[in-house]
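By letter and in written order, the chains are A, B, C and D; residue numbering begins at 1 in each of them.
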Amino acid sequence: MADDAASRRRRDPAPSRPNTGVAQLLAVFDDPRKFWLAIAVVLVAVAVAPLLFGQYATVILTNALLYVVLCLGLNIVVGYAGLLDLGYAAFFAVGAYAVAILGQQTALGFWAAIPFALVAAAAAGVIIGGPTLRLRSDYLAIVTLGFGEIVRFSARNLEITGAASGISGIEQPSLFGWHIDSPTEFYYVFALLSVFAVIASVRLANSRLGRAWLYVRHDEDAAEAMGIDRVRVKLAAYVIGSIYGAIGGIFFAVNLGAISPESFSFEQSVLILMAVILGGMGKIPGVILGAFIIVLGPELLRDLGELRLLVFAVGLLLIMLFRPSGIWPSRKS
Amino acid sequence: MRITRRTLALTAFAGAALGGLSLASLPAAAQDSITIGVQVPTTGPEATYGNDMFNAVKIAAQEINEKGGLLGRQIELTAGDSACDPQQAVNAASKLASQDVVGVVGGYCSGATLPTLKIYGDANIPFVITASNSTKLIPANPGNAFMINSTGADQTTKAVEFMESKGIESVAIVNQGDAYSQDLANLTRDAWEQAGKKVAAFETVNKGEQDYSALVTKIKAADPDAVFWTAYYADGGLLIRQLRQGGYRGTIAVGDGSNSPKLFEIAGRAAEGVYAFSNPTAEFLPKAKSFSETYKKQFGNAPGPYAPLTYDGMMLLAWAIEKAGTTDHGPIIEALASADGQEWLSGPISFTDENTLARSNFIVLEGKGGEWALAE
Amino acid sequence: MLLKLSDVQLRFAGNTVLHDVNFGVAESALTSLIGPNGAGKTSLFNCITGFYKPQGGSVVFDGHELLRLKPHRVTKLGIARTFQNLRLFREMTVLENVMAGMHCRTHAGAFAAVFRTPGQRREEAEIRAEAEDCLRFVGILDEKDRIATTLAYGHQRRVEIARALATRPKLMLLDEPAAGLNSGEKDELIGLIRRIRDERGVAVLLIEHDMGLVMKVSERITVLDHGRLIAEGTADEVRRDPKVIEAYLGQEEGEAAL
Amino acid sequence: MSLTDILMQQLVNGLVLGSFYALVALGYTMIFGVIKLLNFAHGDVYMVGGFVGFGVLSAVGGTLGADWGGIAVAMFLSMIAMGCLGVVIERVAYHPMLAAPRLSILITALAVSLVLQNSVLTLTDGQITAFRTDLGFGGLEIGHVFITYNQMVLVGTAALLMIALETFVSRTQYGRAMRAVSIDKDMCRLMGIDVAKVIAITFFIGSALAAAAGTMAGAYYGSIWYFMGFLIGLKAFTAAVIGGIGSIPGAMAGGLILGLLEAFGTQIPGIGSEWKDVFSFSILILVLVFKPTGLFGKSETERM
């Protein structure tokens, strides 16, 4: 995956990077003016979209932004650390259920419930990741799949999660007297979350921990010989991924006002994974593109109907066979 | 420069995509027609039922349009695919809401219908729910939605009354772990225990599980007089088959989700003598005869279980629009609430304070010779 | 003794790879481990660095028992290694490769990274500075932004050494560092190994087949054959040891022109 | 029914269910043996096998009858078709990826699984298909324990297939080559073994066994649908892990053990049937964490 480092640099140019080798292609983004101009254009577009397009587009875009957050989280697990997680929806569920349950059973407000939800998701990440990250990488895939199903079945069976009907009547939050309620308001909430998610991803990728993920993914033994604790580093990726998932889940729950186990199925996990891989594992702009394709594609091509998933599945297969680095262009070496 | 071009291309793509979205949300019809939204699953696991409901609305709209339309304007239909999934249903509902529909008909999977209530509520759009009947919908209804299918509670009443009449003392209740069947199972358990009878077993199976033999043995060991399956025909067929194969000889009853001719294909002979509680389907409604014929002529097969109710839903909405004399939402909702029990295909419709059907419309069917017949 | 191995025993599926090996490396010493192919040299490295779990014996380094430690713990205690076949991180730059070595000497976690705490920024600068310093030391600083695997072979070897140096080791294990180098590069390597010891005070344990290089650079030589330690001493002592001559003559290639 | 009767009946149930798990688990384990790939698509081969068997039976049922005779023909043809599908999948999707990082090939396997699943979803509109046969409900009643003739035929067929496989693997040249390839591919190439061919044969046999299970399950239970491979794929993988992945006797034993655990698990007081799958997946996770080599698997060093 030549591209992780590339995407990091695209987003976060080092002040004085010489134009040698690979850096050459990315030279455009080394020009801070062009880089910030591109960022500004994107931000303005995000800000005015709901004003230009109707409510329906706003709702769909909100959904796409939710996927951006989820995909960036899964990207840390799959794209950076190279761990195949087939049960990512479980963390999405933990976040959503945690705020819903706390909102109903306790007097904590929405904002006070968030830390608990995040801790719950991180704990779930440690509990499932701790013992399994030592295993072969393909065992991890199946364990996460099993774990995803366990979470969904538990949500379906337990009284506290509202069983199969789920939890409805989840209160919309207020912030300094502003009641977040309309689709447009939620759109901006998710836009803000996405921006934070992107910034956090860029910063993580550019850090000691982010590099350690790449080292471990490229060569576990060499990484360990460098003094990197591979289990710990993978666990960090897994837990951070779970926190991203939980954040997505928390706001998903208050946006929809009602949650039920169907929203956290294996299919959901697969869709998020597809977005990450289609766009380009490890590449932040690619992952964002993937999220938009997965959400907007079916809405634009309503006629596809049942074919929707088949088209994505075939796309996934073709990508893996012919362009494993995803749709987003890679730097040449 | 490469990257600049790429950025341009992407911007163009994004613009086109968003343009496409906003186009999709434009009113589907010309200004002088009345747009009615139809929220049904046209894809996903329940697409058969959804398309069936959509077809019924089409027939109703066609009949109205042939008679000159509503308030002198033609009806245009626009579909919102809920795919039986909460998130997709929300997308569909937002789309319908932003198309300025006069009203919405449909609602199949209760779990998917639930989060859409708020969207229609916020826009104050009249919503006639023609299939979803979970009791969870009632408290979530802001007042603009009207349920013309009897609720799970009504089905429970019918089921308990019927099983008592058969002298059944103990029953095993099996559901499939989804909102609809779990709700029905819980309601039945409570009602049955309240009637002083015994619930011998209360079980959940997973959708798509093929082997129920262990469960069958467990049920046989509990030896109930009857087994009540509260979920859909697909897995119900398998369970019935394995119950009989495993030597269970008591009564078997199923809820309205299993009322399908396919139950006989899957369960074979084992479905003989099985009782089903059902909302009235076309073949058992004397008034639905001509509707059935039109449906068969137009779509090549018999109308499914929710077709007559959905036809009624469209007709009821049309009646309310005529009565209100306007396409403004408020007066239409008032008109719907005042439904006075006049006769429709499925019988009289009037509403309780909670906007649910004021009477139970459930009937009991029995498997005879590979098809459903009226029991009692 | 900086490193002391006592009765180290390693078996794989019934085959004994190492028989009760005893040997040691002194503080700041230049030591070589030689022996015919398949003698168990790399296995011994793997036992020291925690990649293999020997069935018996003990490996004590700087007062710590290493036998049950994971490789990353061993590195943190101060043993760095290179690999026989180059194990650079593909598709990453030279600098990024070398920065890997600093991982075990730094601490910033996810929180610090996301919020760019002052400590984290200081640490990042330190990592970069030290990695560049290590590259300067091995003489390839001007290639720091190239993709590591596109470098000339000899320079890739140096990246590995710089990466190992960045872990701030007390002992460095070099597994055939001269393999694939031409004679000029070998001379440079000898100089580099000496500077590692002289300027940085790092003890070096070397596995090498090039006897000329071994004889020139080593202060002590240990000879391993069929998993047994058969000789130990200075270059001259080993050169004259009949057991060593026999072990090498038994080899078809006769690569060791003693 | 007395407790003994119940337990005996659950034993029968567990054996029948376990036979299906074992047949599917065998394919998982064999394929894992030769290319160290967790073939996610295996459960879907089982599903497609069920549909092909159904198609064949619909075509020949008229002349051969839709009881066990016709089903045997359907099963045989489905096995051949799915064997070929398995080989094609390997050639087209996995073979080019063998040198790629493990993550890529795992995702490719997932993609193949999704393509198969959604192709059938599209073709069937996601509807369940009734698998109509003329099989009767007759059986033997021993005390209170009831065993249908169908169950006997089914377990017997599964046993026969497993015996045939065991014979093939231990007695024939290809079987021995298969075991050799699972130990060391490079050594096999040096010794002149056609590794690609051995891998192809392994995929053929593994997929054919899944097709046999799929057809029998369709006929026995009476319905097939596009998602039926998902759950059994997971369960069969669990079975393979219990037995020790890579081990053929392990897969058979693991299948039966899981079948029995699930059947008896239903009877455990206090745990409702709604927790059944949670129970199975927990077993999977526990085995992987505490005894990843399973009952019969050999430990392998993943190290250099």
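One rule holds in what follows: contacts are C-beta pairs under 8 Å (C-beta built on N, C-alpha and C of every residue); 3 or more make two chains touch, one makes a residue touch a chain.
Keep in mind the model is a prediction, meaning the values are calculated, not measured.
Among the chains in view, A has its Cα centre nearest the centre of the complete protein Cα set.
The chain with its C-alpha centre at the largest distance from the centre of subunit A is C.
Subunit A and subunit D, compared by their mean Cα positions, are separated by 34 Å. A straight line joining the Cα centres of subunit B and subunit C is 71 Å long. Averaged C-alpha coordinates put the centre of subunit A at 40 Å from the centre of subunit C. Taking the mean of the C-alpha atoms as each chain's centre, subunit B and subunit D sit 37 Å apart.
Multi-chain contact residues of subunit C, defined as those touching 2 or more other chains: 51. The residues of subunit B that reach two or more other chains are 44, 47, 177, 204, 206, listed in rising order. In subunit D, 125-126, 230, 272, 274, 277, 303-304 are the positions where the chain touches two or more neighbouring chains simultaneously. Listing the residues of subunit A that touch subunit D in their complex gives 78, 82-84, 86, 131-132, 135-139, 141-143, 145-147, 149-150, 153-154, 156-157, 221, 266, 270, 273, 277, 306-307, 309-310, 312-314, 316-317, 320-321, 324. Those residues of subunit B lying in contact with subunit D across their complex are 44-45, 47-48, 177, 202-206, 208-211, 213-218, 220-221, 223, 234, 237-238, 241-242, 244-247, 262, 265-270. If you check the complex, the residues on subunit D that touch subunit A are 37-38, 92-93, 96-97, 100-104, 106-108, 110-112, 114-115, 117-119, 121-122, 125-126, 230, 234, 237-238, 241, 272, 274-275, 277-278, 281-282, 284-285, 288-289, 292, 302-304.
Every residue of subunit A that touches subunit B in the complex is listed here, in rising order: 25, 28-29, 34, 38, 41, 45, 49, 52-61, 63, 153, 156-157, 163-166, 168-169, 182-183, 256-260, 262-263, 289, 292, 296, 299-300, 302, 305-306, 308, 329.
Subunit B makes touch with subunit A in their complex at residues 1-4, 6-7, 10-11, 14, 17-18, 20-22, 24-25, 42-44, 47, 81, 84-87, 90-91, 94-95, 97-99, 110-111, 114-115, 118, 122, 134, 136, 139-140, 177-179, 181-183, 204, 206.
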